[in-house]
Structure formats: structure tokens, C-alpha cells
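Next come the structures, one after another.
Heads up, the next two complexes both have chain A, just with different partners, chain B and then chain C.
Now for the complex of A and B:
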């Protein structure tokens, strides 16, 4: 009796842990049945491209959420980085423009953390509002800088081959954007599990007070998580505008909700401390495959949005249940 | 053990509860008589909390039957238990700090009380009935710990409780407040309310209880009328071996001055200056809230304090944050191990390695093999009871959790270790081990500042005692030459 009870509990835990994976498998099967062309290289490349910007931004957001915070500023950062980078290609050339764009993203994230620390905002709720304010600020800056006009990459007279590759290139059937994602994933995974600062971020998310009393650099961790988030958002922004070949000053709109959705669905706890970039990858995969599948089924985007909301609520519910 | 069932308020038969990998309760049978005080003792991890949580409806039992007031109870929820007449006062209070006393006592039943006026009137009656004079309009956040406890008890009474379970009710009470609690318990007994009294303080068990049950490793070892079990017998049954003394012999290795602190001044603290010697255990005696914790937090850099000076071995050190403190050879075992000590959802291993993490990092990467070695060494030497080093600390019992924190600092070989209520809520066996660890630290040339609300503990372990009252140091004593009364007098101002 008792051994069986324990076994049942283990099974339950195991099921909870791998729910996302099971969901992914089910979606792949459904899609493959509906669309026999699903497994063709062309479609796979396509799905990888859809993976693109969201997955990169979500990798950065994972650290923010593990650290016990939240970052709503990514919408603004995406827009501002896109407008800035595209604007700079003409005068500076593509490589300097790219580097400046990425650095600008990291800087914006860093500024977020300085503001949080300066105001002593140590809770998720405070971070929510402050980063939302920063998003409005960065977004407005993007609009102001180009007078609200969308920048088209076709206007640029200089070489934009790098951006073309990022947006549409592929090696074999693997898209370049997916390679960027994989490289980021590996680096960030090693960072989280092997390095001192990675551990510090997790401990900060687990219990700031205890971490600080034990000499863990809590403030430095907070600066780092927002800088990482800012940087990865910039990478996502570059992939995004390269694919659509235009940089609209409202490019990043609504990205924050999808990103948080992907991270939380993956199984990173909003309470902080627990989570991983691998889980986030699964979360992004689930969401991407789901839209792909629902599109094939002809479900309207309004219903899709509703389903995303429901999934987020369920993910948080499952996370809370784990503690019982 | 055969009683007439009508005399019993609570009767458990073969109750078991399993957690993954652990058998938390194993065939527990227990009878509690109406209007009696039933003591429940056992080491941390013995299963007391699990038992309570099953009764409260927080956990579901896996096997067995529970009969409460003649009625067999299957699944239940906390609110159902309350209405049935079974209340639990947890160690950590369940009060809404920002609401008034009256509102807290009758929380969620304002409509039944016909609004706020009725609520406060009823609360007043209930408070009067236990002889408490707390203002029902006062905010809970302004109350002392013992007053909060009164509010909890009153809240329980408001449900017409027939059985009240008190978990470590005295852990943060002063002696005077204890006397008050004793009166209330007597009063409740006279009304026919049964009480299950859980405590690590054996004196209280002997003072209050009619019957005592010893629980160990999830099984009931013995249940007897209090008169039939002597103290050593009880301790032996709790720990499964006999312990000669509650305290080890006082360490005697006081040397030269190790640390000198001058002029800590904050809103709360006034002119705090003192010395700490090598190999010394220095005790801080004072009431909760007298400023004991604030002193060590100021030295440790946990609170921002300016203008004070700290000298270690004659050299001035500037400590701006805990990291500086650790670099100067300090460590802290904080007051609240769950909120300030442990990162609960993390493994035993990462909790033990936390302070040393910086030292086992090379080029930004953590040396995982070294981390594993550190944690396994301390799990072994401190005899931390855990399924593995990868178990999350939230699954450990209080004593084992505290040992994780102590292991964290032992690894650093601290010169100065601040220990704030290191044995609060910890059983006799684990307490003794913690005393031995303190001894080990000072004998290897370190020094300990010990804060404790348990007077016998401070007086038996310390080489020197400072009394602290309202943010000032009011006296310095050699605990071997002065009586507890004399020292307490100074601590009370």
C-alpha cells in the first residue's frame, strides 16, 4: 500500500515535470496528421524561423524570472533597438550598427536595474510597474526618433548581407536564426548551471535576504539579470526586423506577454529561484507549434489569443500545485 | 489506555502518512481526554507537525481513523476543522498585521457580528474572558509577540473550540508572559477545553500537562500520566538514547581581545560599545525587541549604520555589507532560519556551499566536485538527517535545517560567529549538538556572540553576558558568579 502510494506520487511528479514535453509530442502528431508536408525540410525551416525572436527574448526573460523579478520593458527595447540599428546602417555600415544595437539593448536593461536598485524596488510587483514605465519610455523614444515612421531596409544603399542572412538565411534546412538561438541556449545554460554569477542569480531569486547574509552579490545579480535580458532582447529585435525587413517604432508591441507566457509555460516559477533556459525552449516550442497547429486547423487568431491566456493561467496553477 | 469513549475529545487509531521516501507517521494511536492538557514531545522531524497538519486538515492522512468529539472524520479542510471545534495555534502566527485586534479575532465573520461595532464588542468579551486587556482597536503590527499569541488564542476561542493545539507557544515569550499563558491554560481547562501542548521545553510540559506522549521517528514511543515519567526518562525516549546533561561543560579558552566595537548609534541603539575575546562565548540577554539582533546586524553590515568603529585584532575594519563582514571572518546564523537563513527551495548542498561558493569559484566557474565534497563533509560531521545532499531544505526538519546553516559557516572557519536564537524550535538532542558545535568553534580560536531568549541556555554556555535593554547595554556579568534573577533584573532595565 505505502510503496504504491509513493510510486503514485512519483508518477504524478514525473507527469507534472514533463507535461510540456507531452504537449509538444501531441501537437507534433496532430500537425503531422493534418499536414503531411509537416516533416518536409521546407516546413521545418519555416517553423524554426517562427521560433526566432520570441525564443531569444524568452531566454533573457528566463533569468529575470528565475531572479525573482519581471521585465516588461522588452517591448520598448525591441522597438528602440530596431529603429536605432536600421538607422545606423546607412552612416556606419552593418557591423558597427549591429554591435551598437546590441550594446544599446544591454545598456537599456542595465539602466532598468539601476533604477530598480536606486529606488529600492526589491519586489516583483515594483519591478513590474517600473519596467512597464521604462517600456513606455523606450517605446516613446523610438517613435520620437523616427517621427513615428517605419524604416524600410530596402531604402538602405549599403551592404546589408548580414541582416539578410539573419532574417532569411539557412544552413542546410536549419535557419540562421535558429543557430543563433541554439548557441545562445548553450551559453546561457552553462552560465546558469556552472558559473558563480549564474548560481548567484538563482539564489537571489530563491531568497534575497538569506543570499545577501551569506555573501552572495545580490545587487550585482540584479544588474546582471536585467543586462542579460536587455541584450537578449536586442538579439531578438535584430532577428525580428531582419526577417520582416522593416523597423517599425512599435515593432515590439505585445512581445512581453508572449515572452512571459513562454517562460512560465516552460515551467520556470514566477516565484523565483526555480527554472532553466531548457524549459523555456520547450515553452517556446509548445507555443510556436500550437499556433502553427491552430493555423492549420483554421482557428481564428482571437480564439488563439484566448487559448494563450488560458494556458498561462493553467501553467501558474500547475506551478502552485507542485508545492502541496 | 482503555478509556470510556465519551470522555475523549480526540481519538486517533493507526494513523499513517507517507511522503515520497519518508514515512512521516507510522500507525499513530492517541487519545486526548476532555478538559485535559496533553503534552506532545519529540525531536524535530519526529512527526509532530505532520500529525497536527492532518488534524487541521492541511494534509490528508493516508491510513487510519480520526474520531473527534464522537464523530469519525474523513477528509477535512482547515475551515471545517475550525467550525467543528478544533483550533491550532501555529508557531508562526496567522494574523493580518495591518488589521485591528478585533478584526483579526473574528476575521471573516463580520457579517455574523452585525458589522464592526458588533465585531469589536464580541472581541472585547472574548478577550475579557481570558483576562486580557489588549485594546481591540489596536493594530496587530503594534502588539508584542505575547499579545499576538493572546489574539491567536482568543481567535480559537471564538470558534467555541473543544480542542486547542498549541505548537511551541512559548518559543518567544518572556518569563512574565509565560506566567500569563499558564493562567490562560488553567482557565481553558476549567472551561472543559482540551489542549494538546507541543513544546521542546520540558519544564513547561511538567508545569502544564496532565498526560504526555513521546513521539519519535513517526511512531508513538510512550504515553503516560505526567507523574509517571521522569525527566531523564522522557529525554531518553525522545532521542532514543540517554543524554546526561542538557548543556555541555562551559568552554574555557578565553584569550586576548579579538574584536572591539565602538559607538553604534541608530534610532534604536544607543552608544553600543563592547569587546569580544578570542575563544569566548559572549551572551546577549534582553527581551525580544531590546535591540539584541540590531546590534549584530549593524556590525555585520546587514543594516546601514554609520559612524561606528569595528576593530578586529587591533586593526580597524570597514564593513559596509555582509560580503565585507564575511571577508573579515564573520558569519551569521540568523534569527529566522526559514526567512533569513535558508534558500528553502534549494538543495542541502547549495545551501551549505553558499558562503564558500566564492572560494570554490575559478574563472567564474564553480568547482562542482569541491562543492559536493564540502556539503557531504558537513552532512556527515554534523549528522544532518537528509535523504541526500540533493534534497531540498524545505523537506528537512527544523534542527536539520539549522545544522545546514551552521555547516555553511563552519566551512568558512569564522573568527566571529553571530548566533541569533540558534536553538529556537529545536529538539533536545539537536540542541545539545549545536552547543557542542559552539564549543568546537571557540576551542579552535573563534568567538561566538550568542543571542537567546532561553535564559538557562545563555547562562550555561556563555563566558560573559551583556544585558541589553531598550537599545543600551545595561550590565556585564560573569554568569558563574551571578544568579539568573540578578541578571534578568538588569535586562529589564
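Now for the complex of A and C:
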């Protein structure tokens, strides 16, 4: 009797821990049964491409949320990095442009963290509005720098083979953007679980005062999480504009909500201190697979938005229930 | 001695109300700009353009004072405008408006269930709710803007009443007074502040925390619906793209006004000032003929400056103790 109870409890815990994974499996099975096209190599490559930008941005955002903060500036950063990089390809060539774009992303994240630290914004709410203001500012810079005009990559006369490869290339049926994602995932996972700074970020998110008192470099952690977020956003931006081959100064609009939702659905708590990049990967997988499956089943985009919202609300609710 | 004391006191008051200070600075700058800023028409227009945002802001203020926040207002205002226009074909206008406000209140009720009863994060749940409502709006309109042929509906927001004051301003003032009385002079309002200050202490003191915080979300939903109906009436159209950025702007305006996002501090007048900062800024920049992109950058900088100064004064206070 007693062992039965314990077993039940363990089953329940296991079920609760892997809710997102179970959701993904159910989704894949249903779609595979209803639509045989799902498991064709073409569709798998397609899913991997759709994985691209959102997953990369979400990886960076995971650290910010684990650290107990939030970053809304990614919408502005995506736009500014895209515009800047595409603009620089013509005078500098593709590799310097790419490097400068990535560095600019990291720098913008770093500036965010400096502002937060200088004015002593230590809560999530303060960070929310400050990064929102920064997002408006970066977005405006992007618009001002090109006067609102979209930059087309097909107009560039120099070699853009790297961007073509990132946007459309694939090795076997694995797309290049997915390989970038996997590499980033492995590096960030090792960083989070095996290094001192990675653990510091977790502890900072858990309780800032306690972390500071026990000698954890809280300020350094905050700088690091925003820099990582800025850098990963820049990587996501490069993947995004390579895929659509145009860099619009409003490219990143509304990206922040999708990213935060993906991270939180994966199971990273907004309260901070808990979560991992693997969970974020599952969250992104749920969202991308869902839109792919619904597309294959011929559901209209309007209903897709609706279902996305409903599933997100339910997923967050169920995830929260186990803490009650 | 006395003047020194007065100066210190003025400084303190100014530091407490940075948003008000910002408005005064903008008014002074406009004095020297040589534009029509101080014409009667422009000043009335200023209030008129701020009224819808203000009505949304008053509802959100209550949820923020209770220690929550509401990002679903964008979706609610979009849905309520559309539903009013669609329902007007089948029933009298006032009943359609009443039902739409009820729909808004019901969505607030659902938000409240998740946030208060099930103790989820308000930020993320209301964000998900916004996505859900946006999908519903797109589905029922087919993502095409709809409009009404009923001229009476248009006149709600565009008409004028006593002494040629636009209806929008009158409605905004009524909502303002009601909300202010509710928050300032009733048990409900005082309990809201207590809940925002410390949820557990409020619960132990015998306040019905769940019910009151839940009602805060219902009120926020209802005011958002009212704002949405007025917006649709002002433009005579309902579209699923309304309110995409409204939620963040309104929450930001409330915080800029001086309501603390941690809960327990703030009030309806502060939110009115916070909303005015944004509309006065917009109006000034339009008067000075700045381009749209420069306007966005300046708006970002103003939000940044006000919130950063707030943070900085809190940091100073923390370090003094």
C-alpha cells in the first residue's frame, strides 16, 4: 500500500517534470499518423530552419531569466544588428561585417547591463522597463541609420557566400542554422553546468542579497548574462536576415514576447534561479513543431495564433501547479 | 534659513514626482518654440488624445498596486471594439457596449483565476492571454478591419457635450473620479494597497486577499474593454492590429507616473500624470516637426531617464539605511 503510494508520487513527479517532452511526443505522433509527409527529409530540414532565429535568441534569454532579470531590448538589437551587418558587407567584406555585427550585439547587451548596474536596478520590473526603453532606442537607431529603408542582400555586389550558407545551406538534411544552434547549445550547457560563472548566474537569480553576501560576483554575473543575451541575439539576427535575405529596420518587432514565452514554456522560472538551456530547447521545439504540425494539417494562421496562446497559458499553468 | 528649508522641500517634492517635472519642463520648452502649442485647440486635443490611454492606465494601476500587472489589455481592447461593432447589427448599441464591457471583465476574471487563484506569474500569463485574444480577433474578423454604419456609435467618442468639451475627456474624467474614490476612500482600495505591500501579512490580517486581487483583474479587464470601445468609436473601425504595443506603453506609463511595480505604492492621479508624459511628449515632438524615428529614440530616452532616476533614488535610500 505504502510503496504503491510512493510509486504513484514518483510517477506524478516524473510526469510533471517532463510535461513539455510529453506534449512534443503527442504532437509528433498525432501529426505523423494524420499526415505522412511529416517524416520526409524535406519537412525535417524545414523544421530545423524554422528552429533557427527563435532558438538562438531564446538560448541567450534563458540566462537572463535564470539570473532573475528580463531583457526586452532584443527586438531593437535584432533590427540594429541586421541593418548594421548588411550595410557593412559592401565596404568591408563579409567576414569583418559578420564579426562587427556580432560584437555590436554583445556591446549593446553590455551597455544594458551597465545602465542597470549604474542606476542600481536590481529587480525584474525595473529591468523590464529599462530594457524596453533601450529597445525603443536601438530600434530608432536602426530606423535612423538607414532612413527606414529595407536593405536587400541581393543588391550587394561582393561575395555573400557565408550568409547564403547560413540562410539556405544544409549538410545532409541538417541545416546549417541548426548546426549553429547545436554548437551554441553544447557550449552554453557546458558553461552553465561546469563553470564557476555559470553557477554564479544561477545563485544570483536565486537570491541576490544572499549571493552577494556569500561572495558570489553578482555584478559580474549581471554583466555576463546581458552580454551573452546580446551576443546570442546578434547570432539569431544573422540567421534571421540570412534566411529572409533582407534586413528591415523593424525585423525584430515582437520577437521579445515569443522568446520569453518559449523560455518560460520550457520550464525556466521567471522568479529566477531555476532552469536550463536544455529546457529552453524543448520549449522552442514545442512552439516550432506546433506551428509546423498545424501548417501540415492545414489549420489557418489565425487559429494557430489562438492555439499558441491557449497552449502557452495552459503549459505555464500546469508547470506552475506542481509548485503549489 | 526658511528659504533654504523651502528650497529643500521643493527639491524633495520634485524628486518624488519626476514625471510631473518632465511635463513642466516640456511645457516650458514649448513656451519658447514659437508653435501653436498653447492654443486652446491643441491643449484640448492633448487631453483628448490622452484619454483612451488614461482609461486603460487607471485599470492597470489597480492590478499593479495589488502586485500584479496586466499585459492582456491590448488584446482585450482589440476584442471589445470588434465585438461591439459586430454585435451592433443584432441589438441596440448600448446593450452591445454593455456586453463588450462584460466580455472584458470576464477575460479579466480568467486572468485573475490563473494569476491569483493558481498563483502563476502575472507577466507571462497575461502575455499568453494577449496572444490568445489576438488569435480570436484575427479569426472573427479574418484580419480585415471592420467598421460600423451606425453614426451614433461614432459620435460617442467624436461628439461634444457640455460647453463643447469632447465626450472622450468627460468619460475619462468620470472614470478617473470613480477610480480615485474607489482606491482612496473605500475599504477595497485600502486593502489593495495592503495586498501589494505584503501579500502574506494582508492575508494574516484577515483581508480576503484572493477575492480582492481577483477583482482588481476584473476591473482592469472592464476598463480595457471600455478603452477599446472608445478607440473603435473614435476611428469607427475595429481591427486585430489594435493594441499590439499598447500593453507595454500603458504599463510603462503607469510606472513612469510613480506607481511601484513591486506593488503597494502609487495611485490613480500618478498614472494620469504618467500617461500625460507620453501624450505631451508626442504632441511636443509633432509640434516641433521631428521625424518619426527621432521621436521613437527620444521616447526611449525619456522613459529610460525617468525610470533610471527612480531606480537611482531607491538605490540611494537602500544604501543610506
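Brief remarks follow.
The rule is simple: the second predicted complex is superposed on the first by the 319 of 324 C-alpha atoms of A that agree within 3 Å, B and C clash if a C-alpha of one lies under 4 Å from a C-alpha of the other, contacts with A are read in each partner's own complex, and residues count from 1 in each chain.
In the analysis below, contacts are C-beta pairs under 8 Å (C-beta built on N, C-alpha and C of every residue); 3 or more make two chains touch, one makes a residue touch a chain.
Here the structure is a predicted model, which means the values were calculated and not measured.
Residue contacts after overlaying the shared chain place A:203 against chain B, while chain C stays out of touching range. Applying the stated contact rule after C-alpha superposition, one finds that A:236 touches neither chain B nor chain C. In the superposition on chain A, contact is made by A:274 with chain B only, not with chain C.
Contact with chain C, but none with chain B, is seen for A:313 once the two complexes are overlaid on the shared chain. Taking chain B and chain C in turn and counting the residues of chain A each one touches, the greater count comes from C. Looking at the shared chain after the overlay, A:60 reaches neither chain B nor chain C. Within the superposed three-chain model, A:167 lies out of touch with both chain B and chain C [touch as defined at top]. Common to the chain B and chain C contact sets on chain A is no residue at all. Chain C makes touch with chain A in their complex at residues 114, 118-121, 123-125, 127-136, 138-139, 142-143, 244, 248, 251-252, 255-256, 261-262, 292-297, 299-301, 303-304, 307-312, 314-315, 318. Here chain A touches chain C in the complex through residues 72, 115, 119-121, 123, 125-126, 128-130, 132-137, 139-141, 143-144, 147-148, 254, 257, 260-261, 264, 270-271, 300-310, 312-313, 316-317, 320-321, 323-324, going by the rule given at the top. The touching residues of chain A, when paired with chain B in their complex, are 1-2, 5-6, 9-10, 13, 194-197, 199-200, 202-203, 206-207, 209-217, 273-274.
Here chain B touches chain A in the complex through residues 16, 18, 20-21, 23, 62-63, 300, 302, 321-323, 325-326, 332, 334, 339-346, 350, 354-355, 357-358, 361, 364-366, 368, 408, going by the rule given at the top.
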